[in-house]
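There are structures below to look over.
Consider the two complexes below, in which chain A is the common component and chain B and chain C are the respective partners.
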Partner chain A sequence: MRAHAGRAGEAIVAVLIPALLALIATGLLLVILGRDPIQFYSDMLERGLLEWPGFQESVIRMSPLLLIAAGLIIAFRAGLWNLGADGQFLLGAAFAAGLAPSFVGALGSTLTLVVVMAIATVVGALWTVVPAVLRAWYGVNEIITTLMMSFIGIAVANVLVKGPFRTDVGGVARTDTLPLDDRLPLLGDTQINAGIIIAVVAIVAVHLVMTRTSVGFRLRMLGENPRAADHAGLHTKRVIVLTFMASGGLIALGGAVEILGIWGSFRADFNPAFGLIVIPLVFLARLNAIASGFLVAAFAVIQIGGESAARKSDVSSDILLALVGLILLFMAVTEWVRARRSARPLYLSPGLAETIGASPAATDESRPAQPSVGTG
Partner chain B sequence: MEQRTDHPLVELRGITKAFPGVVANDRIDLDVYAGEVHALLGENGAGKSTLISILAGMYRPDAGEITIDGRAQEIGSPRAAIGLGIGTVYQHLTLVPTLSVLENLMLGIDARGGRLDLAKAHARFDELAEVLGVTFSPDATVGRLALGQRQQVEIMKALWRESRVLVLDEPTSMLTPQDYDDLRLYLERLKADGLAVILITHKLHEAIEMGDRVSILRSGRKVGSLEPGDVHGRSEDELRGTIVEMMFGDATPDVESAVEVSGAEASAGGRRSPVANGGPPALAVRDVELQGEPQEVGLRGVTLELPAGQVTGIAGVDGNGQRELAEVMAGQRRPDRGSVFLGDDDVTRLGVAERYQRGVRYVTDDRIGEGTVASFDVAMNAVLKRVGEPPFWKRGRVNRRAIERYAQELIEDYDVRPPDVNARIATLSGGNIQKLVLARELSLSPKVVVFNKPTYGLDVRTAEFVRDKITELADGGAAALLISTEIEELIALCDRIAVMSRGAITGVVDNDGGAEERVGELMVSR
Partner chain C sequence: MEDLFTETFLTALVAGGVLAAMPLLFAGLGEMVSEQAGVLNVGLEGMMLAGAYGAFVIAIETGSTWLGLAAGMAIGALVSLVMVLLCVRMKLDQIVIGIGIVLVAEGITSLLFDAKYAASRPRLPAAPEWAVPGFSEIPVLGESIFTQHPIVYIGVGLVIAVHYLLRRTSAGLSLRAAGEKPAALDAAGVNVDRTRTWATIGAGLGAGLGGAYLSVIAAGTFTPFMTQGQGFIAIVIAMLARGTAPWTIVGALLFGMSLSVATALQLVGIQISTDYVQMLPFIAVIVVLVLFARRSYLPSALALPYHRGER
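Now for the complex of A and B:
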């Protein structure tokens, strides 16, 4: 517990330095393109965070990302590489969009939302059962199977939207639209829907479960050392399947929230590909749920504010991908430098430093190539 | 000895390396000459591994100087060490089991420009094979080789690039007696070729038998050394006495006797069991069949009873089904056929957790890879097998204070060092990890404990501590199964010794004088 403050400080440095480096590098790029980077960044900050509409947009964008992060962290912590987030997300979205409009008449708005979100969660959970069972019983690498299931999931979502869930209204293939009044309620006078509450609750709950409970401890044990988990009597097969289901369920819930909160309808070939974006974010947060939340927030601000800033500066919004990519790159570099540093002699007890300083071997033949000596 | 030149090939001067809270190496000097074996002897945690890690370029020393062939060198990386002609064979094998011998040897070294010079590699293999007396083909798959042969491949790998110095870290820990004799033989040949060898060991007799020079490390310092004149002139007993004196200094006599027990001379009588003829079987396996993983022999019709109050031993060359049997008893694996009884209850279908609660405990032979989770601290590792149980977890919520209090008790009882429940277990030495694992398994009235090679890789003091615990346990009325590859250890501790070969029990011998011979016979017979 005592070490936490120090580690949190370290973590902040590990995020701030790369962010700064990435801003400088992207700034250079903007200068080369003949744009004013200061202007661009201040626009980005204003439109994404400081101005009220942009702030709301950023918060709305966070909801699905946070739910995906929560789902990924559960799986990754257990050493299960669920890379099928996009398929799970879209299946959740498709079921929510396809079922909600037809349920509203019978169930009313609130109950519809609850039932539909539950169904989406279950669908996402079930979608992971195949990779989970293959992994648990036959040791089949889940990286491959979840990716494959993701492609299938994306296709199935579209088949549903173009087939059984398709609206009778002509035009582009899409589902019926859920009336605005029946969507997730807005918070007070804002445009922000209740999805953010669900998402924040989920990410905090995942954090508490992972750090405070026996369930989280079992998952971490499985992730850190599966052989020790077997040795300690964990029912690893059961745990693997349940973990996968929880992960897929949360991610699919994210898809449902995206539909029920914002779009109200699923258009064919809709795919924001959030899964691929969130994966590096949770890794850089070292699979810490709370830290992931902050990274997701920063990402949302860059996306929302950046798009508007890019339009204003008349650059392609691809510049944002460059910025995000550079942040991730510099984060990885910073990690690498830190790891290398900690492999070098950093610590020398005062007593020992004295001994070495006093020993004739070190003083007489001291070489400049050994800067660590005597500075401890 | 003729090849000896006057100046050492490798000179270490004042090597110092500190880790948080520990000084692993404190101003160590070491001279290694061509054509000699320099044995580095010390208990676990004495600083041997740190010293050779520095030589192998894994760590940078905080102070001190390394001179190779008269020139001061900085060894900044493992690659630099190889470039300087230092080849290292680590305690844990590092080969890729699915690749061939030659592929392993060429891995990462000969792939310059993406092209492999196979003809040259074959020539080099033949050259080394002759010196080492290798009998396997360069195209053999490493996974199919015996452990002794794999070690030969490791040595070949270390020598591949014309090394002048060969570092062997605990090379005998996985070898059969026959392999050990082979190792001694080809070390002689390597010496004759002018190679300098550094041999890390914690076994006294190995240092005496193989070393031309012996340096003794104790808590990070070099506390004594024997020159070739000292080593070759004197009898083994004299040397033993001198070294024990150096290793333990003003140590008490019982420490010295601990060294003796771990040596070749074990008492001939065997253990006196307080329970005449043993009690009823506390645990029994009947007609157990197990297919086993692809690399394993599995189990073939194993029936064995573990009487309460007795130590039952399993002798045999490593990899003949001992681990499979231990895991079947612990509940980690379900046999394909046959059953496991705990007292009168059939527990075949119960898992590890249920059996643990009923008093079945398993001290695994892989304390680092299986027995503990390296990134967790001591406290959490102490309750690894009791996840979710009160008082450590209350309604699913962790009660860190209760866990720490319990772990604190355990590490005090078992003298685990450093006595810090918040230390990551990976920072502890092997002996201290084993003490924690023992504390975990032996707490709360165990009824049956399976010990799988419990003293493997431990220093004499900790090994003796473990042996005492086994005896204590049986005297207290529990049943113990001791799997060991050291016959002396089995003779010293067991009431009965069963011999395993190729997944079957080939015989059970009462340990009442002369057992050693009969066990040996059973081990070699098919």
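Now for the complex of A and C:
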């Protein structure tokens, strides 16, 4: 028990120190620009967390981010680089926005939501099949293929929204708008929609599957040591494809929730680019789903509160990107210091690192060499 | 449709393609060098943006395009030093650090631009072009390829130089060894970290120059996030070039042309959504990968930190 408490404490320190350093560095940036950093940060906290409307907005922002995190964790745990989150997310969003308004008449509100979310999930899952198969059967590096599929996915989403899904109403290219009453239901008297429940269920489910079931164990085995997984009789090819599909499906569901919960419609060139932000967050949580949930919450507060604070201080809200990026860099350095002090392995599972140099030679590197007795 | 192959269209297509290809070429070439040495530089997009902003500021302040380009390279190299320190020296994960660099560069360039130039939005005068004597008289190609800013010809020279460096010099051999089998390089008495350091700085120089070209020559101004994922496209180009520098020209032109074809079509009165066209090179690459899927086409120690004495 004490060991557990110690590790949790250590983990908190490992998050707090870099966050503090990043806040100081960004604060210096604000001072250089002649703004008051204390004012900025207190505004950020107040408007992102302490005031009721901001708090609600932060919770709403968490839903898509949590679903993306859940999807990424599955892939990364299995040692697969899914860097195509943005394409998967936007395809899910485009299909949800394009189909929901026309389904609602025939299916009614609830059934429409369920069906549309299912379709979005399937689309996201199918979108990963090409990189997954290329990786599983031919060893083609998935970093490059998922990135490319992401660019294609973003373009396809826009083609759909400007073409078959386009509304007859003039003006900007966008889909029909789902009436407010047919969107995801609100929780009680709040503005928070049921998307957060879906997202929390997803992230907890991913955590349980990863830590408590044999499926999770197999995935982690694949991630930690692909060769051992193969020797242990794991159908690695099938696992790779299914993992990719689950990952893409969850991320696309995030896109659907964003549309069905908040916007109700997809405007051409809509792209919040959440993918690049969530990737570092899940890494910093060491691919632990629950810990990622806390980091996502913190990020949502920073983003919602920060946008408001930036407006008030009259600086670009892109300062938040710098803040998050700096947290990430300082976190990696803190990790390095800790690793040096305790000689503990780095947080990145060896499988993930190995994947990048996916050739057999890279695996050989990490294998102990046979002693060469009697051959010289 | 018969308008399609008129001189206007082809000139616009090729000229626009070359224009759009240059940032991809410089950044892709730099990335290829660092990938060959085993450093996967995901921060390329950030280095391009930093270079674009730095070049813009210097070009505005001094009025010199060339100083701007030099400043872009210097800033790109400066940002790559972060990568050197964290990834090459401290052996931290290259992808996590790369994304961190992209976010910080996006944030800081946008913030600084917003604070200093958003109100005035200054523009640079069009950079002078240089017509190659004689060749510029050739129809279509003359106006598109042989009438460009001199940096375009320098770019082609750079590709040849990098190719020579990688394939014909011992420095190039060391570089490739650092990516394929760093332990062997170490055993041969060459410092792996130092080799990778130079390669990473090379990527920074290339990305910085690519970004500088984008702001100072192609756009004549800076806008936040102006690289729009070109750093990631450059990574794809570098991976597809697989260590053969001339392939970066092919890759950069393929992606550059597809960025310019929509504009060229509009010139002859055909309206086509850029979304379709921009997908094409990616689809082409995916199809090629599906048809000719190969097992290993990246340096085997790519993105793996080298720890001395570890097997």
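Going forward, the second predicted complex is superposed on the first by the 339 of 376 C-alpha atoms of A that agree within 3 Å, B and C clash if a C-alpha of one lies under 4 Å from a C-alpha of the other, contacts with A are read in each partner's own complex, and residues count from 1 in each chain.
Keep in mind that, in the parts below, a residue touches a chain if its C-beta (ideal position, glycine included) is under 8 Å from a C-beta of that chain, and two chains touch if they have at least 3 such contacts.
Quick caveat, the model's predicted, so the values are computed rather than measured.
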Practice task
Considering only the touch criterion stated at the top, classify A:L321 as touching first (chain B), second (chain C), both, or neither.
Solution key: second
Exercise for the section: Please work out whether A:A11 is in contact with chain B alone, chain C alone, both, or neither, and reply first, second, both or neither. Expected result: neither
Handout entry: Contacts of A:V122 with chain B and chain C, given as first, second, both or neither
Key = neither
Practice task
Answer with first, second, both or neither: which of chain B and chain C does A:E224 touch in the superposed model?
Solution key: first
Exercise for the section: Considering only touches as defined above, state whether A:G233 meets chain B (first), chain C (second), both or neither. Expected result: first
Practice task
Could you tell me if A:F283 is touching chain B, chain C, both of them or neither one (first, second, both, neither)?
Solution key: second
Exercise for the section: Pick one for A:T213: touches chain B only (first), chain C only (second), both, or neither. Expected result: first
Practice task
Please tell me which partner, chain B or chain C, touches more residues of chain A.
Solution key: C
Handout entry: Set intersection of chain A contacts, chain C complex versus chain B complex
Key = 348, 356, 359, 361-362, 365, 369
Problem - Contact set on chain A toward chain B in their complex - result: 1, 212-215, 217-218, 220-221, 224-225, 227-228, 230-235, 344-345, 347-349, 352, 355-356, 359, 361-362, 365, 369-370, 372-373
Problem - chain B residues within the chain A interface of the complex - result: 13-14, 16-21, 23, 26-27, 60-65, 74, 330-332, 351-356, 362, 364, 366, 369-376, 380, 384-385, 387-388, 393, 396-398, 400
Exercise for the section: Name, in rising order, each residue of chain A that touches chain C in their complex. Expected result: 29, 33, 81, 130, 134, 137-141, 143-145, 147-149, 151-152, 155-156, 158-159, 162, 276-277, 279-280, 283, 315-316, 318-326, 328-329, 332-333, 335-336, 346, 348, 353-354, 356-362, 365-369
Problem - Residues on chain C engaged by chain A in the complex (per definition of touch) - result: 40, 82, 86, 90-97, 99-108, 110-111, 113-115, 118, 180-181, 183, 224, 229, 232-233, 235-236, 239-240, 273, 275-276, 278-279, 282-283, 285-286, 289-290, 293-304, 311
